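For clarity, chains are labelled A, B, C and D in written order, and residue numbers in each chain start from 1.
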């Protein structure tokens, strides 16, 4: 799947989270802004920042809105976000319509003051929990799982001394995928679900601690990467430094990191759970070269996500690596997509083939996935029109066959070409000279010894899941 | 107080509410828009509309924002608000900063579906109720009382069959002033606090029922005025028509309508609890003429609120009525106020004296109140500069001496000139030739037999009130 | 014509102009802002301010836009408009579509530097002049007459020593109605057409001179009224003070002030050419009472323009004056008008009858004009529904029968009810019990000895005019 | 110079132009939109589209604004741009402040109707021409050269039969660099200066002709590339097809294409004057490898402009090519740049090194230019921090030493590091292990036999130029 396909098909990650806590009391909103900016690839629908001053009045100032980080915030609004503890969020929406009230972080008043919460992931028992809460008098103002989590933290907080213990008790009730960054009035708290489905890591710059979905955001703010939050771990930051609680951790063999973070979601310059994303993609490309060798002149990747795997294929196969496409990066939220009736096509507008590179060549084209197949078909057509003699497609993930309940927005079965066609049929439909998907049992090479989740390819879910799609239950 | 003073001193009403329910299933958003437009004088900070389709999916579509009704809504947004049951709100903010998340209606998901609530008034036990709710695990996302009310309705709903009974049970817990318009998934419900502090009335146009803070809004949408909701009454509207429940009503003698609605808040073309606002102001003007006769040539009112009382003074005294001022009505939310350092003054920009009218005349100038006195002093100065020989000031309300706990934003004592000065001192400070305030015991003439609240003048509160200002407790 | 009719029928004034020149070098943009704000009634479509610093670089900073003064400017933009010489403009558009590029002031670079020009009025030979200019190589970027004037000033400037002489020479070529405020790099220049069709006056505050379409704008900025610019006069302001050139003046008897300024356009608190607008309207009302006496209980005016004439009628007839209407002043540029299909009507939403006042009464209702008649009919219907026993309509202007070529946007004949109906027919159509229009020969009472233009009523144009409507020639 | 440096230093191209003419009368605005979108890299400050209907009223509808193509236009505004002849423009501003009135296309009324003009380039005799025009009574409303060109076309139009001849006569007066797209009421006209300094090409899709600054825009709208407009050629398009006039052409040896188009400005998938931009950059990279060989492990390019030259270096040297950087493409017009005082740096936020790729390696880093040197120094520091053992910098252009008078915004000499430092000094300042600039006499290899302009490197201007910087003359 190239990102061009993503726009139309809606395969996407839910969110990115970022937190900053300056033990010296300095303002952190600019760092949160740049951190979110580095995580923008994880969500372009809405974003928000909530800050509090742990040394002052502990009020929360927040701003949220629809659009990219640089559309929602300007210098004035950043300056108004005073405080040394900040939580930020970028959101990718699964629902068709954008919903302003679902933007995060969620800011609530509860018994102990004000709490802001940013959340990446999806709870599998959200419906049950919402009903349970409603039957004890809860009201909901959004349709996001964060509100369910906030309720549980608020209720547990009545019984425990420390905010982080309230988070822990809440974790005992909620099931599914989550990476959380929470600001309680005086603390920054981070937590990751016991399966480790969603990534979260820790950084530091002088006396400021950071939490981020990906290490690239730590680098963007000039911080040093400290370590990943471990699956099931709760970390908390006060003026006395960092504390860790791993009592919710499970057997590492049962952990289930989302393999698609490595294949597609994460930025290639991030490192997640000690696995370098760039390296993982090189490995994927090499595996494809081993599984599906072909006599060709050039290996090319579909930007941006297919580029590294193409490099890996090239290294393994010895076939030269080339740049076949120019990508137009000025596509923003408000870009007007061509209508079917127009002569221009979405793909052509955003992607152009460099004829000079492909003319007369036999091409191996690497992409990360195929969803509906139409975009892939269009790109192959463009390559052939530019003079490519053959186009051999290699996909760095196995075919999608099962729904994801953890926050990845996989289209429904009817839209998934792999659901109802054989690989040979797909090859023919997209007009490729050959087609090879990553083999399921080679995924493990990408991440070494790490336990991971490949349920969307295999149906082997790491936990019990609802039998039906729940993403639109509250829309 | 002229409305020009209002801008700077912040004496203001909290809100206006409007509801519409079309039994035939037609869209009501346009009617709610025009209804709110007619109530714009009750709140200019923010507004919102929430609609639901009682014959369809019963989802709620809402739009809220900072600004006037005609700034927040455009044709496109009105069209997207599909549904035959709508709730609307205009808000006047007491806090310095505008808070977008406090805009109403509040829309919540609860055990029985989606509920929208619009509320005018102020609870006197809001802090206690919020703490109580927090100690049972509630979380708050706004600082408005409506959220407290919503929680109570939601919790009571678990124990009763009907939404209106949940409202009734909630009314047993909440204390203070409120006029409520609620859309439960299938019903429109209206309720008024037992003291009747805030107004609410019923209208009808064909098969559409309306609820509105003031009857002028019923007229604006082409409806017929049906009757006022009685103090303590709950009315509910379904496809089967209107039902009423008056079990929460109290002894009519203990009722306590806000007298300031008649003096200033309400539009002069409204009728509240069978008392015509225009008539009440005429009566007030006549009472002033009886109490404070003076030998003069012309009676003028400060626009807009002083005009009718001036007419009354003229009728009683026989002194001719005249138009002394031109008011510039183009002042919007974003108007740039002159700085102290500038030569232009706020009063001069918004109000100009018609020299032709006042030159050489002895003037009786009627206004509805004096808050800080500076605006009044400026207007008197302008009249004298234009050639008025004498300016006799008559105020159609008694001096403010006590805080209001029911939603009227009276400035703190230090800002109230009447709090620390005698009438004679005030007269001298504002440069008037004479000054007379409405006598407290003549207020009753304005409203006939109706029981009313004059606590801001007398300190006689109709119920127990908190000892301190609570308006900023949650900001 | 009430102003409610104006919205739909498009009878309107073209513009208001304002200029400020601070001989001490202080910034004038705030004064221009408040001056335009006072002239907002003369044009609500677009506005603009251009300033220059006569003691500095003499660059021009300008900002223009669609909307009200307080919508187009904010504090930041005012602060960026640095300079001691400023020209401002508010525009009412005759064309259906708003055209951002037609907003004024027009700012041009010409041989002597930068010139800003604000213009109220309409040239009768604009088409000929444009063609003439085009045939000598001129290009036009707008459709406004100001560009034609600017070209002539620029071309004449090549032949004369002083900018004011270039203005004078240009005045020899242009024909029609104009009040001009021009900033040449070092001077503020004002000019008024020899007929005096459009008003322009001079004010002063300390060392700052003002030019304004109406005296109310001088008052708004705290200035003293100095005098009117005379018809045909050119005034110029430098650091050495004011100079006047009256060589373009014509015989005062041939002057032709627009009588409709006194009837409708001007603010009632303005004084134009020594005639008090308020007074003129009182006189008009009295004349109506003399011409069309009637046995009635109450005289009311349609806000805002009919109020003063109603007062005059009351004074002359002895019938009490009353306030019958509440006008909703929150109607802004973006107000959504009800569609024909909706139950709400435009009139009802903006105007409401105070039943208490009119019930059981025989009413004399005074308005300034009738254009299509539909609004008038609606208001009469509202009065009768509120219980008025009779409604006698008195119009403070004669019937419109002829086009205006000087900038007043009178609808085409087909839309003018008076064009094809007798007074009796109109009376019946609007449902009045009687109807009387101001008599043409009584207009002169309003303005004393002043020579005026009443061509729209009589067809007696003060100069040769084109035979056809030219307003859309360049759209 | 990486594009990150560009943001701060202001080295940039003036504009991109696009035109479309549908002989069948269909609407072309969507095609112009997508064409401009493909040219967005040539100007991000403002953009605009003007369309006319050659078969209808021949009015011009236009929309212009500050911002990216997808910020200025939405579906509604595109739909309002009805017409089969359209001209579009993207602008990069040389002046500090953005000027809305300078946005193009310029739309003018002149003797023959309405003309829209889009222009890329810079006139060298603009000041003289403006003065000359002013002395014959011209007025200017913008500071762009297009207005000078428009005046000349308008004046010449009086003497000739055809619009294209007016363009030709205008070309005899104007000097400098220009690619023009003009819509006269019935024709689309394109013209390129005789030196060919700025590119312009022709495309076709069915019965629609296109003109575009670069061929990539033809591809984006699904058109076929026809050919380049030749230097000095005028092409015109009517319903009868295309006509060409080459009488203004000069000796091909005297032509002077801007070599920097190939090095940096143009998109790598464009072909200009039969030279493939991708190929030219490969050649440049190879030349660098020949001139400055080095023993290293990896060749990397600074995105996006350095990538292809790096590929060329790799191919020539045999050193493997790698991706060392991740670029964040979400930087928009409103991105908040870090202040000096903040810990985050602009470079870090937009560019991140992939440690995995560079660790322990000796790196050859290829970029297209060095302006001030600070960005380059920062990138080298990042590479070394990520573990690079050596960083050898290769620049695919010679050092900037002379001003450009043709529209490229080269910073002033004081800001150019090459102006006052030797290559060895620069190497030390940026912290490189070696540094090599493209040799001037190897530039010709990039473009084969084409005559080109390298004046910014050599001072050999193809025509007489003003002795001083003229870019701000009219600001």
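Everything below uses one rule, namely that a residue touches a chain if its C-beta (ideal position, glycine included) is under 8 Å from a C-beta of that chain, and two chains touch if they have at least 3 such contacts.
Note that this is a predicted model, so its numbers are computed, not measured.
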_Suppose chain centres are the mean of their C-alpha atoms. Which chain sits farthest from chain D?_
B
*So, what's the distance in Å between the C-alpha centres of chain D and chain B?*
60
*Centre to centre, by mean C-alpha position, how many angstrom separate chain C and chain D?*
48
*Which chain C residues reach two or more other chains?*
none
*Counting only chain pairs that touch, give me the topology of the graph as line, ring, star, complete or other.*
ring
*Touch relationships between chains, expressed as pairs*: A-B, A-D, B-C, C-D
*chain C to chain D touching residues, read off their complex*: 106-111, 115, 130-131, 134-141, 143, 147, 150-151, 154-155, 158, 474-475
*Can you check the complex and tell me which residues of chain A touch chain D?*
30-31, 33-34, 37-38, 40-41, 44, 68-71, 73-75, 78, 205-206, 216, 219-222, 267-269, 271, 276, 278-279, 307-308, 311, 321-323, 326, 328-332, 334-336, 338, 342-345, 348-349, 352-357
